[in-house]
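Some structures are shown below for you to check.
In what comes next, chain A is part of two complexes: it sits with chain B in the first one and with chain C in the second one.
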Partner chain A sequence: MRKTKWKCSTFYAWWVPILFLLPHLIAFCCFNLVPILTGIYASFTKWTLGKTPEWVGLNNYVQMFFNKDSIYYWQLRWGMESTIKFVILCVPFKILIPLILALFLSSKCRGHKTLQTFYYLPSLLSLSVVMVSWRYMFAPSGGIVNTLLSLGKLNWISVSPYNWVALIIITVWWGCGSNLVIYQSALEGVSQEILEAAEMDGANAIQKFINVTLPSISFPLQYTIVTSVIAEFGIWGQPDMFNKGGPTIEVINGVNHQSNKMIMQYIAESGFGSSGVNAGIASAMALILGATIFIVSIIQFRIMRRSDI
Partner chain B sequence: MLYKISLKKTKKYLRKNWKKDLLSLCLFALAVIWLCPLFFGFTASFKSNVEMKRFTKLQNIFPIDWTTYNYEFALNNPATPLGRMANNSFIVSVCTVLLVLVISTTSAYAYERLDFPHKEKLFWLLFGLSMIPGVVSLVSQYFLYDKLGWTNKLISLITPNIASVFNIYLLRNFMHGIPKDLDESARIDGANDFMIYTNIILPCIRPAMMVVVLFTFTSSWNDVMWPSLAITSPEKQTITAGIRLLNDSYGGYYERVLAACMLAMIPTLIVYIFARRYFMQGLHLGSAIKG
Partner chain C sequence: MKKTLVMLTVFALLVSMTVLCGFAEAPVEVELWTLFTGPDGVTMSSIVDKYNTSQGKYKVNHIAIDRENLYTKLALAMTTPDDLPDFFVTYSYDSARFDKLGYIKPMEEILEKYEEFDFAIDKYHDACANLNYANGKRMSVSLDFPTWGMYVNNTLAEKYCPNVLEDKILTWDEIKTVGAKLQADGIEDIKVLGGGWARNDLLATYINFAPTYVADDGETLALDKDAVEKMIDLWKECYDAGYLWEEGDDVYAMFACDELIFFTNGTWSLNAIDEYGLDYSFIASPQLNADVEPVLFGASHAFMVVNKETSDDEAKAMASFMHYFYENSIEWARAGSIVASKITAMSDEYQAMPQAFVSNNYSISNPNYVYSQTLFDVLDGLGWDGVYGNISSADFADTWEKQTIEKVSAQQ
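Presenting the complex of A and B:
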């Protein structure tokens, strides 16, 4: 009797959790883990569509880092350069603008819920919708921006640095909403008592913000900085749909160096483009980007831990 | 008399709150600028091509004659089957949402309510693995699906998004707030885990499920990159990736692409309106990862 009960409970203890976990574990392994492992393996191979991968060792990486005759050497360099430039220019606005808006909205002024919906709205839109609308806004002749600000026929699309300004405005507009709602929900948790106590002691608005509000929202702030950096490293659609990479700066080995062509565009081109598809090179490039994102995130966490914002 | 009192009250109110109201006014003015692109896109989608090209001055923001021709063209043009694409998008997004709900609620139940060896280790291992940037698997995923014969099929758009660990994290946090007494009393009455899951947990976690639905639906509907890489025939394309094709092929007919955009943004807005009540609550859960 006792033995059966014990058996029964073991059976129960093992099978029920497994049944509940199985759908997710199977899906995760098949559709997330296997592609990641294949991607890592593929970066050491030469692999064209419909053929079996051919092991080439570190050749892809050597080619990309050291071989100046290879087009991929230049693609990696140019792609990384413009992506990092974009991240540095874009992320501060993506943090500051939503933070300021959230601070204003947290004063619970009239209509703050409607305002939140308005400012959040762009984040609900698809990249293609965003880009089509903004292409129309920034069209050099007859575009709304040039008409409203009477800038004549300023070419936002294919003249540096205007193309960068346009891309940053678009990306910030599109990505502000998600950071805004995170800050709003964090600001609701800031202790009103401490704020009042600070006011009693004669702190002004800026002092209150730096000494009370900022420390209490430090975790969401760190979180949004890291996620924004990660998101902007993966930028692909904005330049792709805005100007296909922008004006050509120079030509090396028959490849155009375009002003705002990002690393993701080069990866997509060498993995999916019409000419010379090679999953090996594309995966190696993707792995370098992935590693860069990972290292940058860790450095950010370290710095923020130490300075304890 | 009544009038006098209310006037006094209004004056008092204004003296107290004029700063806040001024702020609100400024924020509304800024919101008008903020929503400019959508507003101008909306009005332009009702203009004819001649009007778009000829009347570009500021006083011609609104169309001279409103025409729905662009919408009709976008929907009926056989080269760009927008209706078909919207249908594909619906199939993909709805299937993704349903699968995500089943997979992540069962799994969240196991991590929160059941006990098994190495539970926390397994969960955080999966969480860490899901942090690997998606770009690493982008190309190999396509090559694998090509081997399986899944390219150009809608299933290739559904599967990559169903196993998100973040959804489990969100649901698990929410489940943590539901008192365990409920399951205990049900267990005493003879309910097993499956009954507890379907009859007690699922009804209780509906707000968190709504947030998962909102996030999953919008990200699935709005995805442009993966569909435009994995799907090559326009017949099988989703609407948002289809707009990218239109953007390349429509040339000078901007108003038609804009009309397509206005149609493509409706479903996510509807889902947002339904899920809005639960939205901030869900974010509280999401950002509860106290460092």
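Presenting the complex of A and C:
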């Protein structure tokens, strides 16, 4: 009798939770774990997909980190450099602009619901729709931006730094809707009592925002900063469809450095290009990018925890 | 009881006959992947639909995939044969590379088996005698020869350079002369030449300076860097002088609005150009010398059969469709193609088309380098950088060569 009881409790304690977890575990293994492990394995091979992968050990990493004669050495450097530059330039706007808009909407001004829809609308559009539209708008000759601002034939597409400005405008316009919704719901939760108390103590609007609102929305803020950084590290579609990576700005060892070509573009080029597949190099680059994002996220969390944003 | 038994037997017979008839009538289906998207994809789908309705034995399922994705999907599908198509269309210069990679199998297996369709090489454009063979085997069957040339605004040309319309050849010296004259006359809103696609424009000029970019083995890159530098310097000289379009200009719009006398582009744009409503003609892209017969840069599209187990019925279905395409290439020609089918090329309707002038008067240089796609992709990445002055012509040549060699070595 005691034995049966023990069996039942063991079953409930171990197997029932596992049964509940099983669907997720299966999905996780199929769509996360196996691809990650395959990617790690592929990064140590020379693999054209059509043939069996050939084990090359650390050769792909050696090429990318130490062989200055290899195109992949420069692609990794320049790709990471452009991506980090983009993250640094873009993420602050992706946080600040939706936050300002959310604060404005939280004042419940007339037509705020319509405005909210209007601000969120771009997030629903597909990448190709966004890029084709903006490509036309930024066209140097006849583009609506140059026409409206009387900028003549200013080349937003293939002249630095205008290509960067255009890419940031497009990315912020397209992506600020999702952060806006998060900030709006967070602002709804800010205690009115504390705000009123601060006001009675003589705090002005800026003081109330810094000392009451900001600490109250610290978790959503942290979340959006981390997710925005991760998302922008993976930027690929906008520069690829806008100007294919932009103009060449220098040539070193027979490799041309394109102004705004991101690491994901190099990965896609090696892994899926029409010139043939180099899955080994593409996987190694992707793992380096993944590791970078992981490290940056950890640092972000540490800094935020310490400063208690 | 007896009655029930009879009824059951009749019912069983009816069911089995229906099922058998169903099996007998179900067409043999084959899957065709092509790189034709946009208007070309619509035309190809229309040809496939007409083929499917013209007979009931075979059914071709056409799947249009853009060029880059087609290559990736093929590579991925090689590891999961169920996802592979039965045959596909890409550039014939890929056949040698795909043969090496084991993606395709010789066409001879099919063509010799179904002689009633007659795929004799002499029924196709003369260039096919080389293009359809790789490693001594017939690996492909050509559809067409998309060719790079130049559209001429006849009204502007008659006004500013009538001699070009006489000999149908525009030389680089003439570009400089006409450009200088336009500037001297104070005409700023008309440019001599607009470049449609850096890769094809530069390759078309390169074959003016050097006969080839590949060694005799077809696998070793033999890029003449001196010729590359001359090619870039020539374009840059005209660009810097202000005879060409400006960076950022929409050259299509400029040609449509009478702002360009000449506009380089492919035969595939014939229908689009036609819609501009201009009086135009199609000739060879700019040449170094008017006395030498122009050679145009082109690349043939061809059918290739995937290297997987194929039943006799499936093989016959593919042969039947390729034969149908041969016989009915005129619809493909109407979309602006220089067709491979001689029977179509000799027809009166084809001879009245603008591209017939090109196929009748010029030779077409087709890439024969096994890794042509890599060479072209690297050139695509460099684009007009050399002409716009972002990099020197020497750097342009070094970069083009180095990146091609390294990317090719990754595939070997």
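Just so we're on the same page, the second predicted complex is superposed on the first by the 281 of 309 C-alpha atoms of A that agree within 3 Å, B and C clash if a C-alpha of one lies under 4 Å from a C-alpha of the other, contacts with A are read in each partner's own complex, and residues count from 1 in each chain.
One rule holds for everything that comes next: contacts are C-beta pairs under 8 Å (C-beta built on N, C-alpha and C of every residue); 3 or more make two chains touch, one makes a residue touch a chain.
Given the structure is predicted, the values throughout are model-derived calculations rather than measurements.
J.: Quick one: chain B and chain C on chain A, clash or fit?
T.: clash
J.: Counting only touches as set out at the top, which of chain B and chain C does A:I40 meet: first, second, both, neither?
T.: first
J.: Look at A:F272 in the shared chain and tell me whether it touches chain B only, chain C only, both, or neither; answer first, second, both or neither.
T.: So A:F272 meets both chain B and chain C here.
J.: Applying the touch criterion given at the start, work out whether A:I71 contacts chain B, chain C, both or neither, answering first, second, both or neither.
T.: Only chain C; A:I71 stays clear of chain B.
J.: If you stack the two complexes on chain A, which partner ends up touching A:I210: first (chain B), second (chain C), both, or neither?
T.: Once the two structures are laid over each other on A, A:I210 reaches no partner at all.
J.: Go through the superposed model and pick first if A:I88 touches only chain B, second if only chain C, both, or neither.
T.: Neither partner.
J.: Could you look at A:C109 and tell me whether it touches chain B, chain C, both or neither (first, second, both, neither)?
T.: In the superposition, A:C109 contacts chain B only.
J.: Tell me which partner A:I100 touches in the superposition: chain B (first), chain C (second), both or neither.
T.: Touch partners of A:I100: none, neither chain B nor chain C.
J.: With both structures placed on chain A, which of the two partners, chain B or chain C, ends up touching more residues of chain A?
T.: On the superposition, B touches more of the residues of chain A.
J.: May I ask you to decide whether A:L49 touches chain B, chain C, both, or neither, giving the answer as first, second, both or neither?
T.: In the superposed model, A:L49 contacts both chain B and chain C.
J.: Considering only the touch criterion stated at the top, classify A:S158 as touching first (chain B), second (chain C), both, or neither.
T.: second
J.: Of all the chain A residues, which ones make contact with chain B and with chain C?
T.: 49-50, 139, 141-142, 272
J.: For chain A, which residues count as touching chain C in their complex?
T.: Result: residues 46, 48-51, 70-71, 139-142, 153, 155, 157-159, 244-245, 247-249, 251, 253-256, 258, 270, 272-278, 281 of chain A touch chain C.
J.: Taking the touch rule as given, give the residues of chain C at its contact with chain A in the complex, in rising order.
T.: 67-72, 75-76, 78-79, 97, 101-103, 246-250, 253, 371, 373-374, 377-378, 381-383, 385, 388, 390-391, 395, 398-399, 401-403, 406-408, 410-411
J.: Name, in rising order, each residue of chain A that touches chain B in their complex.
T.: Within the complex, chain A touches chain B at residues 13-14, 16-18, 20-21, 23-25, 27-28, 30-36, 38-42, 47, 49-50, 101, 104-105, 107-112, 115, 117-119, 121-122, 124-137, 139, 141-142, 144, 147-148, 173, 181-182, 184-186, 219-220, 222-223, 230, 233-234, 236-237, 240-241, 264, 267-268, 271-272, 279, 282-283, 286-287, 289-290, 293-294.
J.: Touching chain A in the complex: which residues of chain B?
T.: 20-21, 23-24, 27-28, 31, 34-38, 40-41, 44, 52-53, 56-58, 99, 102-104, 106-107, 109-110, 114-116, 126, 129-130, 132-144, 146, 159-160, 162-163, 165, 168, 193, 197, 218, 221-225, 229, 240-241, 243-244, 247, 254, 257-258, 260-261, 264-265, 268-269, 272, 276, 279-280, 283-284, 286-287, 289-291
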